[in-house]
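A single structure is presented below for examination.
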């Protein structure tokens, strides 16, 4: 029960914010979609692995929506499809990259995402290059919605997806295969001597992380109704890693907390410093990593302890 | 067809030379520091931009080659020590994932530094290429710069580096630290200085790759990342830490890419990575690499 | 002989010029407890590494329960029923002791059930029982990287035991364990092994431990087995005493 308290508080706060201003509804929908992708990154970080290329799966989900939209009008079907496409791609790439760790794992993911980005830019006939593809607004559960109703519906769908994914991932991380991720980080060979394939452990998490990223990308595509190759660009992958570290990886709330703060700050800051945004992210990332801080979740945790809410 | 073939080969050679310069710095730094500098490509980019600026400032064509060299040197001796002492020295004993995050953060920072200093408009300055003129080879008019200077410099770097590491005391010191840092320290080698020196050399090589590439291409934001990704592909295909291997692999990937440009243009960006994946599937440690088993 | 549980023939493995295994022949009978002794660098760990698939022998064969296992990967060999503990403990440093053991319990069954917690009540009590056999129960909730060397060695063994192997290989199980506790712990461990009729091979430098707990001793030197037999006989052999144990004269 005590575990559910922070979740309930977070949901209440999000609903309150979303009710405050229409633009907040949009930003929070985007934040939840980012949070889904970051949740996957956080799983991999448990295994001590960092992917610099997960924007590839976000883009895969988003483009799946864009390509499928002319053929179907139902939004939930589009989400499902996007999840499947990202899962398939994740399995394909994952079979290769999970043979590697550390530097290779990070850089191979970056390389694959840059190949994906180039293809999205170059295959103009298919993807319309840097112009990207506009997505017509679909129905949700058969309802054709407009204006605030659509925004609320999509926001609710994103929130539901986040809650479901958070709950499933939290439970997965407590299962043997989830706990084994931490064992990959500390002593992978011993897993093999327990009769467990470390690669399979990592592959499973990798595929899940691709699914989550694809779902996030699809929700983002439905919110913006426009997809471009930039979704797959390395700076976007970098942002996902940044948010994972910002939020903290100790708890599944971290990715969503990090994403909400990140998107809220970005609305103002990225416009104010368009050419220095990456630099600011880089500096903050350095500060968090070098100070060995546990991110926002860690901060809240310390606060809770200080206030005597937790022992 | 024959002409196209020759053209592809010449392009590939020039391109390989340029890629090699960056990749060799990356692999050298990794070999000694055991850190893969994700921001290595940014040093390439900054070297390239600085070179273009200097060439423009100098104005006199026959000084432009000197300007290229100065740019490479400046980036190496200024940014090299700053990054190594200021940042990397703090993380040598840390987890791999943390090291990766730190150099990735550096990449994010340098990417914007470059945009703030040089803007986002394409920059093109080919005075050094024009200075050296053109020659005809097998019916093709080709620039001397790309035909001779780029491959010449790459070859020179390879030879000098190999000689330096094998035949000089300083070079052997570096090699000793690469093999076994603790043993090297036990016989009185100051590994901190070796790290500093190696990183400075690596940074200068990246910047030299950039400076030499600058006159042949227009500079835009994002070249830094494209360079690190491509040079990582080279280094990974060769086997991390292998210098001669990096040369051979740069040639393979350079030629592969330029043949793709001429014969299957839509695959141009994919070819280097297809080569890498193909090699790694068969030899996970790269063409010239070997895996070491941890003792249990 | 076909009655052996483990049967190694002509194992050879050289690292460059170092012959870590130079024609090793060894049989281990079901239910017996065999000690391996020998000087540093004799190739004892290398032998365990070959049997468990970590190193591939350059020549020779290894049969386990009649089946050839040389060259199989560790994961496959473990699944056939051979578990091991390590000279340098190989723990999951950021997990608690009980989780280290529970991961090994889960490895036998239910590892891939995605939404069942690792520490289910059943697994928790089974893990505690194993820890209790090695007097480790008080450390169950401690993080593995906070333990001292002796405790780490024993947790390492507990992890191997959790796999419920038919054959258990232990590399210097009590090195690092305080001398005052050594015998008590070995008594409990050996009793537990005999109860579960687990066959065991352990590398050991402490001759008292060998004399007290082994059914048979094999003496390693320079990649070969120099002597083999019951502890009383082997440990009394002047050659073994001089070359391996490094003691002159008669046994005390």
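The chains carry the letters A, B and C, assigned in the order they are written, with residues numbered from 1 in each.
Operating definition for what follows: a residue touches a chain if its C-beta (ideal position, glycine included) is under 8 Å from a C-beta of that chain, and two chains touch if they have at least 3 such contacts.
Quick caveat, the model's predicted, so the values are computed rather than measured.
Taken chain by chain, the contacts link every pair, so each chain touches all the others. Placing every chain at the mean of its C-alpha atoms, the farthest one from chain A is found to be C.
Among all pairs of chains, A-B has the largest number of C-beta pairs in contact.
As a whole-number value, the distance joining the C-alpha centres of chain A and chain B reads 32 Å.
Chain centres here are Cα means. That of chain A falls 44 Å from that of chain C.
Look at where the CA atoms of chain B average out and do the same for chain C: the two points lie 49 Å apart. Contact with two or more other chains is made by residues 54, 90 of chain C. Multi-chain contact residues of chain A (touching two or more other chains): 189. Residues of chain B found to touch two or more other chains are 296. Against chain B, in their complex, chain A makes its touches with residues 45, 48-50, 52, 96, 99-104, 106-108, 110-112, 114-115, 118-119, 122-123, 189, 234-235, 238, 241, 245, 275-279, 281-283, 285-286, 289-290.
Residues of chain B that touch chain A in their complex: 30, 36, 38, 87, 90-91, 95-98, 100-102, 104-109, 111-113, 115-116, 120, 225-226, 229, 232-233, 236, 240, 266, 269-270, 273, 276-277, 280-281, 284, 294, 296. Chain A meets chain C in the complex at residues 168, 171-172, 174-180, 182-183, 185-187, 189-197. Listing the residues of chain C that touch chain A in their complex gives 52, 54, 73-75, 78-79, 83-84, 90-95, 99, 102-104, 106-108, 110-119, 159, 163. Across the complex, chain C is touched by residues 293, 295-296 of chain B.
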